Structures are given as structure tokens and as C-alpha cells.
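First the structure, in the form of C-alpha cells, and then the observations on it.
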Amino acid sequence: MTTPQHVPITASPFHGNVRPLLNEVLHALDKLLETREATTIDLASLPFGPGELEHLEALLGTGELSAKLDALGSSSIRETAYPGVWWLEHRNAFDEIVGRYLEITHTPEILSSQDADIIAGRAHLEEQFE
Amino acid sequence: MKKRPTVGEILQAKGVSRRGFLKYCATTASILALPPSMIPRIAEAIENARRTSVIWLSFQECTGCTESLTRSASPTVEGLIFDAISLDYHHTLQAAAGEQAEAARHAAMQENDGNYLVLVDGSIPLGNPGFSTIAGISNVDMLKETVAGAAAVVAIGSCAAFGGIPGADPNPTGAVSVMDLVTDKPVINVPGCPPIPMVMTAVLTQFLTFGELPELDALSRPLAFYGQTIHDRCYRRPFYEQGKFAKTFDDEGAKAGWCLYKLGCKGPTTYNACATTKWNNGTSFPIEAGHPCLGCSEPNFWDDGGFYEPLSTGHFDSGEKLAGAAAAGVALGAVAAAAGRRRQAKFMKEG
Amino acid sequence: MTTVDGRHEIDREAERLAYKPPEIRHDKQGDMPDDQRINQAMHHFVKNFNTQTASYLDGCLHCGMCADACHFHVRTDDPRYTPIWKIELFKRTYKRQVGPFAFFYRLLGLKRHVTIEDLEEWQHLLYDSCTVCGRCSLVCPMGIDIAGLVSMARHGMFKAGLIPHELHEVAKTSAETGSPLGISADKFEERVEWMADEHDVDIPMDVEQADVLAVMSSIEINKYPQSIAATAKILNASGESWTFRKDGFEATNFGMLSGNPDWQKAASMKLIDAAIKIGAKTLVLPECGHAYMALRWMGANMLGKPLPFKVMHISEYMADALNTGKIKVKKLNKSVTYHDPCQVSRRGGATQAARDVIKHLGVDFREMEYGGDYNWCCGGGGGVVTIKRADPLRHRVFKLKMDQVEKTEADELLSSCANCRQSFDDSQAHFSWDYTMGSLMETVAENLEGGTS
Amino acid sequence: MDLLEFAKGPALQVAAYILVAGSIWRLVGILLLKEKPDFSEPRQSGGLLAALKVIYTRSFTASPFKRATLYPKMMAYVMHLGLFAVVFLFVPHIMFFEGFLGFEWPGLPNSVIFFLGVAAVVSGIALLVRRITNPVLRLISNFDDYFSWFVTLFPIVTGLLISVRMGFRYETLLAIHILSVALLMIWLPFGKLGHTFLVFVTRGTTGMVFERRGAKT
């Protein structure tokens, strides 16, 4: 595990969104440990001031695992320096960001292979025998 | 009427994986301003949603709304939406024109009677039907004819929603809003000059995915986007509370990003999603760019005082009338005193 | 008899929550019908409304703080004794008849007419329970001179024939004979001669031309005649050319206390005319509080132009004579406290004079707590001591004065007002109290150094 | 025209006319009554300076009355100072005044204004409770006292509601707030709230009458 960047929360020069958000993350982690229930936070729904999102990202840092997904444009799924806290970014075909989320979970759902795709894939594999 | 394919079927046919679909649903939830916990329900709804016919009518407008929508920051998603709708009439975008176009409109109306959506941008002139016509048909006639068989009407932009700039004082064309004319169908107002593209797509998505109209406020605006003021969600709000205000566009306060209330910001009375959804792919919004909110999504925004006049400014007439009131006060006081003195004199005489 | 208890039953039948008025004697003079009484009261209330009174009557905030300054309220907790409530009828008449919005008050009936019952009830409030001491005027955050308004409200009451009998009789005697106690000029001369003999002092009488005209109050002439001698000793000692006059000797002004401006003016004019006649430069008033108010501050207004002579209270005269060395006094070896007559000190502005005199007496001066301008009234001013039925109430409020005096633990209590003295003597007898109020003037006279007599 | 526009426009306008006309009416109605000249020889100089002196000194309680009047005085001070700060030191209000005065002055942070506003309301309520429970005040109070209380407190309460956004939308609350201010402006000249300007007249009068006597003011 890499050491998270120690950017002091209180030193945030911005508009007061970071601190309460991190507090929410803290509670989500507790919930995850206690009830194994995952939480998703839509970062687009928060009124970030200029530079605030970047600040948050720097603060959370980069963890051990990151993945790239290519479906309807690329997506990056990255564990932050805080295990269980994932940073997700969805991009469209023009490589523009269309969604930004924090997922507090063991594994983001989107990383798992989906039954529907498995079924389709299996069928495709079966076709190879013919 | 032939059965239109479901959105799920369309996506499958396009070879979109389940992962891609989940991503699409997450983005949709984001657009609909729904909590991420709603994603599974959205997925289920979208899978079963059917393609809907849409007729877009443009009246007294500047095409800014269409521009805004077609520059939607999420072309893929928008593309998907537009795959899921059938835009059967939009005289600015469609290749066909004149009678041909009108024929397409009539065909769509007949084919989808009772189920199609009507989108309107621009206000409707009542002063003289000839002020604005399409293929010789006046706006008001075309609206009434088209709306008759519609499931719902969406008024896109402040002109369609509230009369907008054409309806501003002195309103030379007698422009009115869709709401003023359509009373027997559900009308959803998506005001803004222009509205945020995401909001437009979201309203359509909502209708398509859930088959129902969103929850509306008193002005028929979707609460999900128009439920809070710019001021409430503004990242500069802490400066307002601290009493730190930019006084000019180039002073220290402006450079430090202080509150723009004093420069006339209408954020406190403007209900819109700009502060969170933002513009240009979530890049920024007017206040972030250093300009006060004009309140463009509110009724009468053009006439409600100066754009650069603080909200708390009273609208007074000239000081002359006040001086008149003062003079009236002097006169009344003098009359009252004279009456009092006359009474005293009378009583003194009576002893 | 007045039975004022302070704790009255609440009248739940009343239109507005109110206290049941106590059973008190309402005096009526003359045989006017009630309507005429109301009319008279209203007319003579209205006469008083000028710029000054109007601003006062318009300015009241109903904050009620005046209640905390009034001895009658402080001692009884009866809300009716709230000073501003005492002029409620006066105020109501102002708003209805003369105020800037009087037209609307009348049109909409916002202030009801004064009734005969109101006037009867307010007789008690305007006379029995107000000494016009003006303490309330000092607490008022708006600076309203409530005491002054009470004096004016009395004008209406007098004309309506609704004032306490004793006060009416005294005032009438005063108007008819020139003295409230019916002391004629000859009787005065007799007393002066007697005192001249008794105290072996020259007392000039009816001198044609003199610099100083001295006058006395009938309380002194009748009850404390030694004051006549004391006055003479002091004026003689200062080498003054002075005189008493038979055509102007009575300083008290019951016209003012009872609320009859005509009688007030007549009484004042007698003194003014006498002083002018002898070409006096100074008129020295005796130890009497309201006489000071009547002549020093209202005299010129009775004449309608500035007085051609100075008006001094005897304490001011003494302070001046002592300060300039015209007279000298022996030092006294005792402790003294001083009761300020309201009209001389608080309302008259001569607070310092008595203190200067006391300083020359070299005594251990013990100022009462909040003495001087904030002094508690003796309870007998404003004519109250004259009203027999008010005695129990007056005695009740005197308790405040007793406490104030006792706290100083002074050997002797001095004051400079015969009316206060009368009130103190009466209350002293009632309570069998240790302190006897002494006269500042007499103390000075007795201790003149090298005084000729 | 919506409610806010009505409030900001005609309502405020008419209220301003009434405020100005009514106040002057009352002042002139008093000042043009007959004057009583005072011919007595003054002990010391009086005049305007004496008036100004008492206008200032009566803002404070003389020590003999301090204990008895401490509670209502404190409440009244808090209420008046709170009201002053809320009206004149809240930045949006300063902008309102700047709108027609043409100049501005420094304000206070909203949190401080909020606190002072709450303090003003609390002391106002305390004073009302006192008015209802104290026998003296209950006896001397009339409609004017209670209505004036309401008219004064209402704008502060609506103003505070805007900042906590209780129940209504901002513009509705703002409109109600402005209308409540208009009501205050309309009532001010006629009832006891006239003390806003009469206090200078009454105190000044006493200053002029009693200072020249050298008497206690």
C-alpha cells in the first residue's frame, strides 16, 4: 500500500465541500465494515469550487489497484490510497468525462463480469467449436 | 401501430455490453439527479422502455436551445437517448422542409396518437398570427393542432416556458408561453436561456425510462433540477455568509472569488442546477467565470430590475415624489396644528 | 377617608382588564351638572397643549419605568400610581382634541371621551398621590417631564370643581385673603413686631425703597414664626437694604398647587408688584419649595416679560453671602444630613446652594444615598400635605424618607422648605420618629458670627 | 407582477411615502402648536446645546434607577442595538440603502447579524412577556403597544427565516420580509414607534427647559 499524500484537510483553501465529503466517506467505510453495504457518492451532485475536486483527488491519493474499462468510451476505476474507497471516472466516446463517482465498497460492481455478458460470451465461445 | 423496440433491445443490438449498460445507467442516474442507489431501478426501467416519437416545434426563438442540446456534453449518452427517441419533426435539424416536413409531422401525430411528446422552444405571438408562421401555419395554430394528440408537452427554454425575451416589455408581438395556451395537457417547463443541455436530456430520459412525468414545482419545472437556488448550491456561498463581496468586476474581491451579490447576482431567487451540473461538460458556470447569475430561468428575468443591481435594492421612483410626500406631510401637519389651535381658541372662548 | 391598600381586586367584568377602584371620597365643588364638569375639564386640559406638552404627550412609550421612580408606586405597588397613568385623561384629551392625528382619533373613536367617573377617580391620582416632585421625570427614557404635566392636568380638574376640598378651601382662602391660612397684612405685621421684640432684631417693614424684598410663607408666619427673625438676622448681618411689605408678603401659591392659573397669577403678581414698587434688585424667597417654582421659574411668565429683579431662594442668598464673606458662621461640631426640597433642588436647580451653606457650617455632612437631585420627596409636596384623606398614603411613602435619613446616622436633619418641615413634623408625630427636621436658615441665623442683631 | 416585485416596487414605494409624509405630519403638527415663551432668567445657558446634551445623556440610566430598571433597560438595549445592527449593518441591507443613498459603509458577517437578530427577537419577546405580566405595564398598555411590538418584530423574524430558509422559498420569504418592512414603515409615524424621531424632540425639550434652570436633567 502506498502512503497517501498528507494534504491537510483544514488547509483547504476552497469552499468547504471537502471536509464534509470526507466525513461522509468515513461513515460509509464504517457502514461497509459493519454491514458490508456499499455506498456510491455522485461527485457531480456537489457544488465544487474551482480546484476543489483536484484537491480532493490529491488528498485521496492513489492506491494499489487501478483498472481500465472500455465500454461506451473508456472508464477508469482506481482504488485510492484509502482501501475500500474507489475513484471512478466514466468517459464517453469523445473521451469527455460524463460521470465521476466515489464508491466505498470491496470491489466496484462494474469490475465484476456480468452474467448477461458471461452468457453472451459463453455462447460466442461455443460457436467456436462448430 | 407497430411495436417499437425497447431501449434494452436497441442497446443489445448495438453490441453494448452489460458493463457498458451499467455505466450508461450510472450516468443516467447522474443526469436525472437521482441518488446512485437508484441505478438498479433505472437499469430495469431502461431495459423495458420503448422508443417514443418526439415532435419539436420552434416558434419565436433564437435556436439557442437547440444549439445547447446538440452540444450536450455527453454525446454518447445523448446519442443513446436519441436512439431511444424518434425525433420525427424538427424543422431546424431535419433535411425535409415545407410541405414535406409538415407531412412528416402529421404522419408522426397519426401514428403515435396519444403517445408522442411535443417539445416547444420559443414563445407564441398572439398579437398577430402573421408575426411568426411555419409553412404558412401560424404558431398558435400549429401548437394547438400538434398538442391535441400529445402525451405531454415540454417547453424548452425561457421563451416557451415564460415568454422570455419576446415577451419582455413592451412585448410587441403579444408573445405568450406554452403554459398560457396549453391547459388540457401536462406541460413541463425546462426554462433557461438556454437550459442546461443535461437537464433537457434528463427530462426526456425520465419520461422515456420511467414513462412518467417528473415531479414539478409551482412553475411546472422538474424539482430535481429546479428545486434549489443557485445561491443554495453556490460554491461562493461562504463568502456571502462572511459578508465578503466583490464590488466591481476587477477589484480584489472579484479576484479572490468573493460573492457576486453586490454585482447583481440573482442566485438567491433563481432555481436551476447550474451550480452543480455546470456547463460545457461540467467545466464551469457563470458565477465560477466571475459573472453574476442573471436569473435567466426565472419568469420575467428580462424585466425584473437591472442585471447588475443587487437583489436587495428597492425599486424607487425619483426622489421628487418623496419630496412631494414630505411636502404633503408639512401640509397635513400644518392643517392638523391649525385645527388643534382653533379648537383651543374655541374652548378658551367657551371658558 | 381614603383606604388605599395597593392590592385591589381585579375587575373581571370590565371591558379592559382593570383594577376595581377603591372606595374613596370624591370631592366636588359647586353644583355644575356632570356634563359641564366634563366640558370644563376638557377645555382646561386643552388650553395647556403647546409644542412642549404636545411632544411629551405624543412621546410616551408606555415603558412603565416611571413607576419605579415614584414613591407612591414603590411603596404601594398599586399600578394606578404609575406617574404616566396619572395623566392618562390629560393625554387622552390631547390625542382626541389637539394631537396631529386628533381628527382620526375622533373619527374612528380611538380614544374614548373622558367620563365623570374617570375624572372622579383621577382626582385621587392627580392630587392625593402626586407631590409633583419630578423624580419620574428623571427616569423617563424619553425625557418626558411628567410632573409638569400633572400640574397642568390639575387646571382641568380645578375648573371642573373636582379637587380635594381642603386644597380648594385653602386655595380659595388664599385668593380671598392673600394667604392660605387667612393671615391678613395686619396679622403679619403683628407677628413681625412680636418676633422683633422676642428676638431683639430690627425688622424693617414697608420701607419705600429697598434693594431686597423679603417674603415669608404663611406656614412659617403661623407655625414657625422664628423664621421671620432668622430671615431678618441674616439680611441684617449681610448689611442689606431690605424690607418686608404688607402688600406683598405671602410666598406660597395655592393657586398653582390647586390648579387655578388665575389665582396663581394673582398671588405671584402681588409679590412682583411689591418688588417693582420698592425698586428691589432682589426678591428673597423663604424656605418654601413651591414658592421657588412659582416665582423663580414661573413668575416672569405671569408678568409676560422678564422680571426686573433677581429671585433667590434663601438658601441661594445665604450661599452667596457666605461665599462672598458678607456673613460668617461659627463652625458646628456635629454631623448633618440634608433633605432637598424637590422644587428647589431637583426641579429648581439650586441643589448646590444648600451644600455651600452646609460647608461653611463646617459640619460632618452626610449626603443621603442618592441625595440631592434624586432625593425621595417628603410626601407632602404639591399640596398633598393639605389633603387630610391622603394622610395614610402620605405616611406610607414617608417610610422611604425615613430609611434614607436613618441610613446616614447623622446627628441632625436639615432642610430648607417649610412645607417639607410641616410634612416631616406630621410624619414624625405619626411614627414617633427620632429625627426632627431643622431649618437650614434658622441654623445659620443662630450661628452667625459677630452678627448684629 | 409577482409578489416580490410588488413588494420591492409599489409596496415599498407607498410605504416610503407614508413614512415620510406621516413622520413630518406628526412633527409639524406638534411643532406648529402654540409656543410658550419662557421669560424666567436662566441660571445657565440652555438652547440647542442643552437639547443635544439631554438627547445624549438620557440614553443612559441615572444610577438611582439602575437596579429597578436594569432588566427592561438591558432588554431594550439589546433589542435596539440588535435592531440597529440588523437594519444597518447587514450587507444586503447596506446595498439596499446604497441603492438610493449612493454610498455604502462596512457591514458585519451574516453569522453575527443572525446572532444579533435572534438576540433582538428574544429580548423583544422578553419585553412582551413583561408587558403582559407586569401590572403596571398591563394597565398602561393599549393596542398601539402590542401592534407596534408585532410590527417591529415581524420583519426581524421574517429576515431570520430567510437565512434559515424555513418552509418557504427564498423569493416568497424575501417578499414577505419586504412587505413586513413596508408595514413597519407605514405604522411607524403614527403609533408609539414615532419615538424614533420624537425621542429627539422630547429629550431636547426637556434639555432646553431644565438645563437653563440648572436643574437635574
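We just call them A, B, C and D in the order they show up, numbering each chain from 1.
What we mean here is this: a residue touches a chain if its C-beta (ideal position, glycine included) is under 8 Å from a C-beta of that chain, and two chains touch if they have at least 3 such contacts.
Here the structure is a predicted model, which means the values were calculated and not measured.
Visitor: Would you identify the chain whose Cα-based centre sits farthest away from the centre of chain D?
Guide: The most remote chain is A.
Visitor: With contacts defined as at the top, give the pair, B-C or A-B, that has more of them.
Guide: Counting C-beta pairs in contact for B-C and A-B gives the edge to A-B.
Visitor: Can you name the chain whose C-alpha mean lies closest to the mean of all the C-alpha atoms?
Guide: When every chain is reduced to its C-alpha mean, the one closest to the whole-protein mean is D.
Visitor: I'd like the Å distance between the centres of chain B and chain C, where a centre is the mean of that chain's Cα atoms.
Guide: Distance between chain centres, rounded to whole Å: 79 Å.
Visitor: Measuring from the mean C-alpha position of chain A to the mean C-alpha position of chain B, what distance in angstrom results?
Guide: For chain A versus chain B, the centre distance works out to 33 Å.
Visitor: If you average the Cα atoms of chain B and of chain D to get two centres, how far apart are those centres in Å?
Guide: Each chain's C-alpha centroid was found; their separation is 42 Å.
Visitor: Please compute the C-alpha centroid of chain A, do the same for chain C, then give the distance between them in whole Å.
Guide: Each chain's C-alpha centroid was found; their separation is 91 Å.
Visitor: Which residues of chain A are in contact with two or more other chains?
Guide: Counting only residues that touch two or more other chains, chain A contributes none.
Visitor: Can you pull out the residues of chain C that are in contact with at least two other chains?
Guide: Where chain C meets two or more other chains at a single residue, that happens at 49, 98-101.
Visitor: Two-or-more-chain contact residues of chain D, please, as numbers and ranges.
Guide: Residues 25-26, 28-34.
Visitor: Run through the chains and report each pair that touches.
Guide: Chain pairs that touch: A-B, B-C, B-D, C-D.
Visitor: Within the complex, which stretch of chain C touches chain B?
Guide: 39, 42-43, 46-47, 49, 97-103
Visitor: Report the residues of chain B in contact with chain C in the complex, numbered from low to high.
Guide: Answer in residue numbers: 332-333, 336-337, 339-340, 343-344, 347-348, 350-351.
Visitor: Note which residues of chain D are touching chain B in the complex, please.
Guide: For this pair, the touching residues of chain D are 2, 4-5, 8-9, 12-13, 16-18, 20-34, 91-93, 95-96, 98-100, 107-111, 165, 169-171, 174, 178.
Visitor: What residues on chain C touch chain D, complex-wise?
Guide: Answer in residue numbers: 17-19, 49-52, 54-56, 58-65, 67-69, 73, 77, 79-80, 82, 84-85, 88, 98-101, 137-145, 296-301, 303-307, 310-311, 345-351, 370, 373-374.
Visitor: Any idea which chain A residues touch chain B in the complex?
Guide: 14-17, 40-42, 44-50, 52, 69, 71-73, 75, 90, 92-94, 96-99, 101, 109-110, 114-117, 120
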